[in-house]
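The letters A, B, C, D and E name the chains in turn, as written, and every chain counts its residues from 1.
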């Protein structure tokens, strides 16, 4: 039973869950009226994508991509390339979050609210 | 020196951008000059590179860190992107020069101009990188640089700008993530990130589903960034509220280089013989047609100059996508030519918009009455560029339209030609409406914030005038010399992309 | 227990947290939950074998949570 | 609104699951050793990383050497984020600088003496750990980014706990941004150096430090350390920068 | 024989340069300098154009292709006989119009003269460009330039009616221009060339009959709009709000003639007689033209405003040209080509007379001009002569062209059109002679007519010149630059006469 589940997960299940997570992130960004939540959902989406990339590099029986002296074969290490890529992506996401927060605070100052409805509903008061 | 050009074009402005805050700490004036100088140096080098590529007749490769591809990151400069790089560098340098009178306006905050120039320079760097790189993931990194710089430059604009920037941030992040997903799918199928290598290895991939999904992701991701029709939501507000001086660059080239990237993916990485390419072309064609008509019609509704220009950009991006949808040599040549010519047109038009704001605070076309008497050069530039936007000869806009129509008819797609014609006419309506207001409207009393009498009879500072005139001159030059550009890209397009 | 099952388990937790984030009204609670999200994501990265990424995620989780909380200080805590 | 959300969530979950079943396999199975991403490039990196770059941690090898150019611009993204934040929130300050320290918080402890002391002890530990991570990133986990972030966390603790009165000193956000810029400069300059010596950009083989080492490959270690140091400085600067900017806007009324 | 020479390009460029100079000088210099530039450019241009006539008459062609304007097609200028006819008229009349507009603009104290003179110069450049264009793309570039350059002239007064007429003008010309563009691209893709060739390069039967007719209509739409063929004439009468030299330019020299010339080029040099007849385009043209001639004459009779009456007369006269081309016989085409010349001189005389009357006396309605002969004898005589010429009376230029068209119609056995042409001559008499009668009448309908004298010399001299020239052309069609021979050559597809 567990074998079947494992195979299913390896072939599809994990990807499905990842895409669900990503879908929820995007959905949250669209549907949440609060800008703060939009930012958090954005982060959720990014985590999903990062995880997707990382699963591409996973290897059964592989170990961390740090060279150990008695292991030399390529099969014994997890693919390091997605890790390197995702380090970059994760840093980018932090930068984006920082900028988003700054914008959020600026919006709060100008409009007095961070709710989508209130901002689109009323014009900026002088 | 000459073989380091591809990277120097990026590194020199990078040095300028990162040292600008430090230099500005001691002297804001010199910080500004550093960035402008760096961007001009980059422009000169990009022209040298253009000549170099033309002389060699084959793409220039530059291997970062000396690692040969696909292991390292590679810059590939061929006929098409050499033109793009020169264009970006030219507009970057011009915009940096153009901004300097605007940034003088806030002398209180010492860091303000440093930060502004730094971000502006990064925008140029990101765009240069996006056009140079031959690596799919590297393109993502540069795209993020472009986006972040874009958020910043939009957010420091008018009062409503932060919301526009925030929306762009959200949509832009989704777009970037979709792009990343697309690259991820391609990586999962090929195991490589180098574009040329990817193209080779994709031929062995039998599973079409992954390619289709990757393509969909890429179209959505790059579509968001280039404001292709159903994904354009962020664009009008962002383009109309952005920082006045940076707006030309944002509107002019920030949405063009993703279009170029799309071209790369469609014609360089994906094989033309793939079974679903026809369907993809059709879908992009539908998006383009809707975008062209939507943008042109929507522009009719507005009286705010920037909004009109922003919506017209949606239409013009549609032209570029239409070229990709046509997909033969003339279609691509038209698209590439339109990327370049529209970049100069839109930049120039936003220059005029910024100049009007600088001198008279004019935002709405209704206030334009008789301004041409006070600002003849600006008005003349506006007329030139707008006529080019409409697509009238002998300006550049006409010729890109010519190639697009040529390609469309070669493929028997007469409908596309009809759309082009309709869009030109709609464009004529809103631009001639502006002309009418400009030349025949009623004169309105406005406070002149740069009175010509006090400045030796000058209508605007020279630093604004030069970029304005440069844009107009480029449009005429591109129009009359378009066959040079087409010849230049012809070899590349025929050999690499349509092989 | 095979790694893949653990992965699925933690992914489900992430999904649950995402749903909570979408529905919850209190921003502070959402932020704290996001901190947990970050932590679970870190565990997940370790499971996948990406220790470097996990390390980074841990550090970033702290930093972005701090940012969020400081930001919440200046904006209202409730949301619609 | 909530109804929409519920429906949406259900639709997404159901949609992805159905799509997953309908579409069939188009992604390699997880853990498959022979999948496309796990062959090709990855084999090259795993077998040649040590030989090429002298870095046992392959992630660092890829990050800092094979794809060092990416990392340069990742660093730039951080710097840019800092500058952008600063620009966005530069106008019209809400809280006067130093006000916080002056009146309401003087001598107030954060969580009692024990916690305060605990944090006091932690700060130097974090700093030391950060330097360890930086210098050891090549061999084991970590690297410039993590080190920079740790340093920034140390600063953050110092800054945010009121009773500390900023014993580490107080950065202005401008200074932090400038420092971040210097970090990128270190990185970029490391990249430019080989170009004077006949190499490509970021080609550590051609760094002009050959006199220091016997083997050319060792230059990679030098190069990687230099850029990691640059990343550290930049990340630290940026995080502090954003923190300071955000803090300036926040009123601590409790 | 083809002579490689930059002269055609120079002829085009000289007035563009003049426009740029005028723009740069702007209001900073005295009006004299501005007008000096215009006149100088006009004279140089005319000299350049006329200097090429002898070689063209000998069967040679000047050819000049400076560079490739789009991939595979050059920007090319070629001075064939048909182009020479149009170029001679346009450049010759520019001098006259410039002198006249100096008088008119000063006498009328017009505003915005800088823009006016600059746009005028660009118009002329485009007209010469249209005349000398060797292929469709060059032709189209100048065609659109003409469209745009005329717009500021049409809406010169910048009031609401000027705006409205400007809009109308743009709507007609831009739409037709864009359709023209689409047709050009189609032709290029289908036939691989855009070079004008005597006898046309589109072969009958190379595509479906309906498709070719559609192509024919799309291509001729541009020309038809510019030449005011009904039902596409709407813009022309409303452009009457423009100042008189502009209407003179519009109606006599550049714009409408460019339209007529466009029809000539496309029917005779793109499609050729055979294809045009095969697809039914020729017949379509003739019927439309015939209807236009009749209808416009009827409308013209009812107009009291002198300029409006002349405008409808223009519509009718231009249809003569189109009718001549549509008949597709060499004789009628000769007549059409020569009618470009004849009508230009006659109509410009009429318009300049109308302008002179308006500036001198302030009258614009015909019914108020009774007894004008007493005050402005020279103007009235010239007006009379030109009216008779328009009607096609012998000894005046109109006769030569109309005779040729009628001869062509006879040879093609299209007797109906002969009847139309004859009737049209009577119609022309019927709407112009009443004007003349009012001029010479005893009854004085406005007090201004008793005061003051003739128009200023700057206006009078051009009027007399054009009137005399139209007389000379009527008596000796080959006087001067042998325009009649050129027209014959144009219709026969190059090669010297005899």
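Following the convention adopted for this analysis, a residue touches a chain if its C-beta (ideal position, glycine included) is under 8 Å from a C-beta of that chain, and two chains touch if they have at least 3 such contacts.
All values derive from a computational prediction rather than experimental measurement.
Shared contact partners of subunit C and subunit E, listed by label: none present. The most centrally placed chain, judged by C-alpha centroids, is B. Looking at A-D alongside C-D, one finds more C-beta pairs in contact between the chains of A-D.
Chain centres here are Cα means. That of subunit A falls 10 Å from that of subunit C.
Here the CA centre of subunit B is 43 Å from the CA centre of subunit E. Look at where the CA atoms of subunit D average out and do the same for subunit E: the two points lie 74 Å apart.
One simple way to say how far apart two chains are is to compare their mean CA positions; for subunit A and subunit E this gives 70 Å. In subunit D, the residues that reach two or more other chains under the touch definition are 1, 5, 9, 25, 27-28, 30-31, 35, 37-38, 41-42, 45, 57, 59, 66-67, 70, 74, 77, 80-81, 84, 88, 141, 143, 145, 242, 246, 249.
Annotation for subunit B: residues touching 2 or more other chains are 137, 141, 144, 148, 151-152, 155, 162, 165, 187-188, 193. Contact between chains, per the stated criterion, is found for A-B, A-C, A-D, B-D, B-E, C-D.
On the subunit A side of its complex with subunit D, the touching residues are 7, 9-12, 14-16, 19-20, 23-24, 27, 31, 33, 55-60, 62, 65-67, 72, 74-75, 77, 79-85, 87-88, 91-92, 94-96, 98-99, 101-103, 105-106, 109.
Residue ranges of subunit B in contact with subunit E, taken from their complex: 330, 333, 376, 380, 387, 392-394, 398-399, 401-403, 405-406, 409-410, 417-418, 420-421, 424-425, 428, 432, 436, 439-440, 480-483, 486-487, 490.
Looking at the complex, you find that subunit C touches subunit A at residues 2, 4-5, 7-8, 11-12, 14-15, 17-19, 21-22, 27, 30-31, 34, 37, 41, 44-45, 48-53, 56-57, 60, 63-64, 67-68, 71-72, 74-76, 79-80. The residues of subunit C lying in touch with subunit D in their complex are 4, 19, 22-23, 50-52, 55-56, 59-60, 62-63, 66-67, 70-71, 73-74, 80. Those residues of subunit A that touch subunit C in the complex are listed here as 2, 5-6, 9-10, 13-14, 17-18, 20-21, 24-25, 27-28, 31-34, 36-37, 39-41, 43-44, 47-48, 50-51, 54-55, 57-59, 62-66, 78, 82-83, 86-87, 90-91, 93-94, 97-98, 101, 104-105, 108, 113-115, 117.
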